Amino acid sequence: MTEPNIDLVTFGETMARLENPVVGPMRHARALDLGVGGAESNTAIGLCRLGGTAAWFGRVGDDEFGRLITNVLAGEGVRLGHTVVDRSAPTALLFKERRAGTLTRVQYYRTGSAGSRLCPADVPHDLIRSARVLHVTGITAAISATARQALDDAVETAREAGVPVSLDLNYRRALWTPAEAGECLQKLVKRADLLFATEQEARLIVPDADDDLAALAGSLAALGPRDVLLKRGAAGVVALCEGALHVQGAHRVPVIDPVGAGDAFAAGYLAEFVRGRPVADRLDTATAAGAYAVTVRGDWEGLPSRADLDLLKSAEDTVTR
Amino acid sequence: MTEPNIDLVTFGETMARLENPVVGPMRHARALDLGVGGAESNTAIGLCRLGGTAAWFGRVGDDEFGRLITNVLAGEGVRLGHTVVDRSAPTALLFKERRAGTLTRVQYYRTGSAGSRLCPADVPHDLIRSARVLHVTGITAAISATARQALDDAVETAREAGVPVSLDLNYRRALWTPAEAGECLQKLVKRADLLFATEQEARLIVPDADDDLAALAGSLAALGPRDVLLKRGAAGVVALCEGALHVQGAHRVPVIDPVGAGDAFAAGYLAEFVRGRPVADRLDTATAAGAYAVTVRGDWEGLPSRADLDLLKSAEDTVTR
Amino acid sequence: MTEPNIDLVTFGETMARLENPVVGPMRHARALDLGVGGAESNTAIGLCRLGGTAAWFGRVGDDEFGRLITNVLAGEGVRLGHTVVDRSAPTALLFKERRAGTLTRVQYYRTGSAGSRLCPADVPHDLIRSARVLHVTGITAAISATARQALDDAVETAREAGVPVSLDLNYRRALWTPAEAGECLQKLVKRADLLFATEQEARLIVPDADDDLAALAGSLAALGPRDVLLKRGAAGVVALCEGALHVQGAHRVPVIDPVGAGDAFAAGYLAEFVRGRPVADRLDTATAAGAYAVTVRGDWEGLPSRADLDLLKSAEDTVTR
Amino acid sequence: MTEPNIDLVTFGETMARLENPVVGPMRHARALDLGVGGAESNTAIGLCRLGGTAAWFGRVGDDEFGRLITNVLAGEGVRLGHTVVDRSAPTALLFKERRAGTLTRVQYYRTGSAGSRLCPADVPHDLIRSARVLHVTGITAAISATARQALDDAVETAREAGVPVSLDLNYRRALWTPAEAGECLQKLVKRADLLFATEQEARLIVPDADDDLAALAGSLAALGPRDVLLKRGAAGVVALCEGALHVQGAHRVPVIDPVGAGDAFAAGYLAEFVRGRPVADRLDTATAAGAYAVTVRGDWEGLPSRADLDLLKSAEDTVTR
Amino acid sequence: MTEPNIDLVTFGETMARLENPVVGPMRHARALDLGVGGAESNTAIGLCRLGGTAAWFGRVGDDEFGRLITNVLAGEGVRLGHTVVDRSAPTALLFKERRAGTLTRVQYYRTGSAGSRLCPADVPHDLIRSARVLHVTGITAAISATARQALDDAVETAREAGVPVSLDLNYRRALWTPAEAGECLQKLVKRADLLFATEQEARLIVPDADDDLAALAGSLAALGPRDVLLKRGAAGVVALCEGALHVQGAHRVPVIDPVGAGDAFAAGYLAEFVRGRPVADRLDTATAAGAYAVTVRGDWEGLPSRADLDLLKSAEDTVTR
Amino acid sequence: MTEPNIDLVTFGETMARLENPVVGPMRHARALDLGVGGAESNTAIGLCRLGGTAAWFGRVGDDEFGRLITNVLAGEGVRLGHTVVDRSAPTALLFKERRAGTLTRVQYYRTGSAGSRLCPADVPHDLIRSARVLHVTGITAAISATARQALDDAVETAREAGVPVSLDLNYRRALWTPAEAGECLQKLVKRADLLFATEQEARLIVPDADDDLAALAGSLAALGPRDVLLKRGAAGVVALCEGALHVQGAHRVPVIDPVGAGDAFAAGYLAEFVRGRPVADRLDTATAAGAYAVTVRGDWEGLPSRADLDLLKSAEDTVTR
């Protein structure tokens, strides 16, 4: 194993994201807001904002949406040296209809996209070996057969090099069935060192686990991961890390857009993990990152800097309007 | 009576609606959002979105605002075969000042408008006779003498043909006094089969009714209507339908714009009524329609489709963020 | 006659103005830009921007549009001490449809408006007597009988006090017929000292004048005015001032919105007139003000300050891109 | 043949259209304007605006973009009784990058779209037989094999019923090669009564024709069409109609968005054709419609009403700014 | 002492204010909203809206931002006769980053600004002597030495003329340390008749005061002020006025933007004070003004008119949605 | 000299740029568009878009504007490894008032800015030595004494390493007088290999040169530069390169925003220069880059990619609308 020189390596499909600016039927919008999003690249951005270094790789189309993705990621400081511009396929699109309150619907134009053409040949083995952590999500296993092979290859490379593997289950019902996902993801869980999941996702892996969340976390940890993080949204997190149970609440903030909260949580946790900070610090930063994510529109736009963490803390310390 | 071939027929005055996009004094707005609104056409749109068929008639001016109204209604699937373009009068305007929170003020440019020139000659008797329900509101009685005559004519036509008459009291203080309204509307209530009212409106009709809402509904039902729906906003609804009392809460949603909630409620109720669904279903759809109406800006823009009803239900079934 | 202590007094009806921000059918606009406009108040603003002092009076409604008008005019430095808030009538509205290129359509909601209720009792005689010039337009004669009386009263007051009367014919076809206007305006021309007109307007007054513009100006001057300004848009101006003929071209600028160019021209001319500047200077400032007016959207928004006049001059002196 | 009761029937693929509101690289846009567009539906809208009746059919997806298309077309008065909502495929998307001046780039998400699944079973034979004209474009021949079959079926139905066939070649290089297009479209030309083409498109059909435009039109007419319209953009039109040559210039207007000009031209021509007006009138309306189309952003948004034609005419009759 | 003819005189530095329209990192904004703000001018506007008369003086730069400030203040009816345009220094800027929820950050471009060059020569002694109250804030003491001298001069002038002095402590940490502020502001408190402060600000003046708010108010009153108002945001106000203790809650409203609430409170209180109304009325208007301020974006934009006070009252009297 | 591994190195002050979105007085804008701009970084972006590699260095403040600058430049692919975040000074601001047509005014908040604190210690000598060209502008010499020293140091480093020095005079009247600039810049010209200048700027250096542009270019070349490019805006360019005179026209495009055209020209020229392309190719790319720059708002936003160059060429090759 070489000396680590990058904190986090991640990969997957990042899409152009279009959504209605004002809540209601999407067809009423005169214009759709344009941005980018992808679970893995969201986490990479989050880590960079918190002072870490991150690399993302994947495929984008040779079109304005592909250029938007690389512009945004490079602008946020994510390293893109191994990202491929695929001239044979378009960049995938994600339309998000903000229908009422925080109720949303998603429509993909993703079939045959550049991002889904990710394959083992795209995997930069040396880069992965040089990382402090490899972060992957279950989405990559679902988008195509070649992407799943690339995922396997990357995880295997990390394990062989002693690089911890972080896995966020990120189940997406538009991409596969619970049964398909459960079978595939269970194998991944067994090879992961850190695991992020919602309760619903967790039960895809260990359907027979107890109702109790601590027991559920225990069942997952029994499969391999040393840190298991059960994310509960506004209810906080139940974590079983290095054998100890941690229960932590979420910050009380107005929820504007819950999308991306999980990616933010992972970014916060990993940002402290790669710095060798204790679990309590990891959870503090993870929950603060989640709070910032949900109070700002967009998947990653609201992710905090270190100065933002201080701002939140000082605001909560003061009893003022 | 011929075989019904349209679910709902309604009519009245629909106006161009202009409002400040950001809450505050209207004069601070650099631009005013432009839309359309009218209690009856809102309900017609709501019924179409829920899969029904609806026709609306009335007068609009030969101007961009009149064309906006017919464009929007036709676009939403409302049948406009009997709508009149009046070349002698302008389309009415409604300015809505969103002043602070949900506090609003309304200013009309409505005197002598095309819509208020509605008259008995405009009433399509055959269309009314072919409907499953005729829906009217108290506003039409208030905008002009000829409109009131048209209202009488339409109601009488429906009654003679055995078409149920639905009445939403919709008292508007800018148009007449409580005393004028009470006298006029009471006569309408006596000829209605379904009655929608807020508590305040109800007391214009039966000022001596008991404080208790069930008793109030009873007093109204005693005048004739077989279904009496007392709308209570965030507190839900008290309904006396076909002799049975129903008390139902509202969905807990963030209220963005309460205007149009009553029209949505009527649309939801009538959408199930014309399909012959039981009262419980009517109230479920009515309250869901009301919830959608208040979480989206605009009078009718947020009205739900059948798929939207499912989305709301599935979101409330899940305990997640 | 007392010592003049205000440069210009003017009056009339100022309206709220709503228009589509992007060229096309107005009904396609999701929002309409909100502003104010009135020929006389445009000229008052123009004079203030050029360093003069101006007062405007008239009636506005007790509504947000009335407050918008007084906010804008006071903000621009126009004195409003004699402006009346009329609690019985609404502020008039002007909708401007920018249909294609610079083709526009206008729709008024003006019948019975506060502004049209201007009457002789509103005329501040002392203020008029203290002015260096009284500026009026033909519009005021057309909006109502009482407004026309107020116009007569004001003009008579000025004449008796030796205050020069400036008249811009400003014929509006939506308000009266050419015949009505011609008869009425001819009487006003006979009492005016300075006269602004387009060729078409001029021929309403002297229908039998020669085709030649110099002759046309002469025919008008023969009725009384010592300065006659025939405005020709992009073709410049033909002026017969104090007996001498002046022909001047317009600045070559991209025309964005021609509305208000005439008011700007009058403002520029009068700004120099009240300072006692020679005709050449008056025409220079008038044409520069016209150029600024047409290159900026809105009736008065683009009107120039003295520094802006210098900017235009220095740009035209340089041969650069 | 039954008595015609609709002026124009047309069909094809209509797409959701997204474009950057401010000229520049599309990825710089914070939001993309949302609308709809399709050559055939543009022409249908244009005919409705000019007072005619038009029906359009085709397939849209069961998504917000499909609903946007049907909302817009129904709102504009186009009859949609035979339009199919295809639950198995998404609505196609068209991204238009307004790159610099009027330079644009187009990117489609159209493969496997609902619209391209049009097939002969979708063709409403009775509707076509009842029309005064059937209007088709070459695009439909290019989007799929089933769509081409539907096109053949529709054309044959019209011919058998004596309904004139109008064909706009509308060659799209993203969909097929010049050779493919030339072969296929030539067969269509032979069955068409009216033919619309640019010079470049015309030469796909008759590659050996003379340089001279009159000769080119003659070569096309020799294949069958009784009216051949060679569109030349700002240079006007060369037409060989019923054996006579017509050369007409275009209106001088600022070109904001040239897309849709050809569809507008066809709409204007056909609007007069179905009313039995002479060629000179058809060309006048066609060129005026083209002028309106290019001065307003969007493919169809600027299309003129009869009143708009008058406005353009009166503006050009007056020599004023 | 001359007869008062203006209700309130105030002065200080008013800045151009730029902020991101959508919550998140400011650098993500494609445009920043432009407005003006200054604690003292906010209060002057508030008093004018409530029907009083107010004058503000200070320095602005000879630039668009200075002109924006004078346009806004004059438009709102604030008298600016003694405001100075300083040609040697720019108008100060305030950037407000709306980071998440109501968490904000402020960045000034204020060093060497026109406003900070305020000096004793700018103080209009006669104007101050003619006022019903002089209102000052601690900010002016902090921006420059000359401004502090002007503050001293103005306060002394008022005291000598028997004009009550109102002081809002308004501590700004970006401008000075707590120690500097405490020493300087304590001297001002001793010369004030009315004192507005938050609890934190109050403890800068009387650091040894009891924890109890009533006692804290008493300690301040002991220094001189006859009315002491301790503002507690959403928790209301504790007031020790003319020897009596008043505790009043705040209105329950959705907080959109808390900035300016204190200035609004002062405006409401002083609006009734200058009319000689009792303390209960002063507190009612003050809390209502605060409620309006926080429900509307901007520092002063939401300030209420008398009609707005009625609207709030009537809405709270009704139990409806 | 090491093997070149970067095409272009440049440095200077890049600012946040705020401007009114709609032409007119800036104070009328409700919001100001936010972007970044700096002559040198504009050129670096331009070179990257054309496929080259570029590095920029300079100082930015530790604030949102500094982060905006680094986000944008990194997003565009500019290497920022030697850029300094200065925690003691704010990022400079540039306000651009788009006043009328293309008339603009500029206001800086630049005194004491982070960017002006650039000093010799910031200069990365190895980076400069590894470049194919060093590009500097006269602005850097004007912003501060330390920046001028840094400029001298960088130029000397390049010359010693045999790296060609490219100089764009870029005279800014707000920063220094013609006399100051002339003296300083002449020294720089003598050390430059490539020189970009307008005619006006050129005459600051060689005030006694002949009127003829070829002679003017000759006078400049006599001072040292082997390539002299006299930029003439819409009139094209006169170039004296490697001893040969080239006269080339500009593309005919609608000018939306002329700012940045010079930086674009330099980028285009240098993009071909570093690839060793002949002068004709350099001028072609330079003029095309200039055309793209002026047709898009913003200083650098419109700069072309290689594909954009092809698009422009193919559009000009076709005679169509």
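Going by the order they are written in, the chains are A, B, C, D, E and F; count residues from 1 in each one.
Basically, a contact is a pair of C-beta atoms (placed from the backbone, for glycine too) under 8 Å apart; a residue touches a chain by one contact, two chains touch by 3 or more.
All values derive from a computational prediction rather than experimental measurement.
Under the contact definition, subunit C and subunit E share the contacting chains B, F.
Between subunit E and subunit F, two chains of identical sequence, the interface residue sets overlap for the most part, with shared numbers making up over half of the total. Most remote from subunit E, judged by the distance between CA-atom centroids, is D.
In terms of their C-alpha centroids, the spacing between subunit B and subunit C amounts to 46 Å. Centroid to centroid, with C-alpha atoms defining each point, subunit B and subunit F lie 62 Å apart. Residues of subunit A in contact with at least two other chains: 25, 30, 71.
Of all possible chain pairs, the ones that touch are A-B, A-D, A-E, A-F, B-C, B-D, B-E, C-D, C-E, C-F, D-F, E-F. The touching residues of subunit F, when paired with subunit A in their complex, are 71-72, 74-77. For subunit D in complex with subunit A, the residues that touch the partner chain are 18, 21, 25-27, 29-34, 63-65, 67-68, 71, 90, 93, 95, 97, 107, 109, 111-112. Listed in rising order, the residues of subunit B touching subunit A in the complex are 253-254, 256, 291-292, 295-298, 301-302, 308, 311-312, 315, 320-321.
Residue ranges on subunit B touching subunit E, taken from their complex, read 22-25, 28, 99-101, 103, 105, 198, 200, 233-235, 255, 258, 261, 294.
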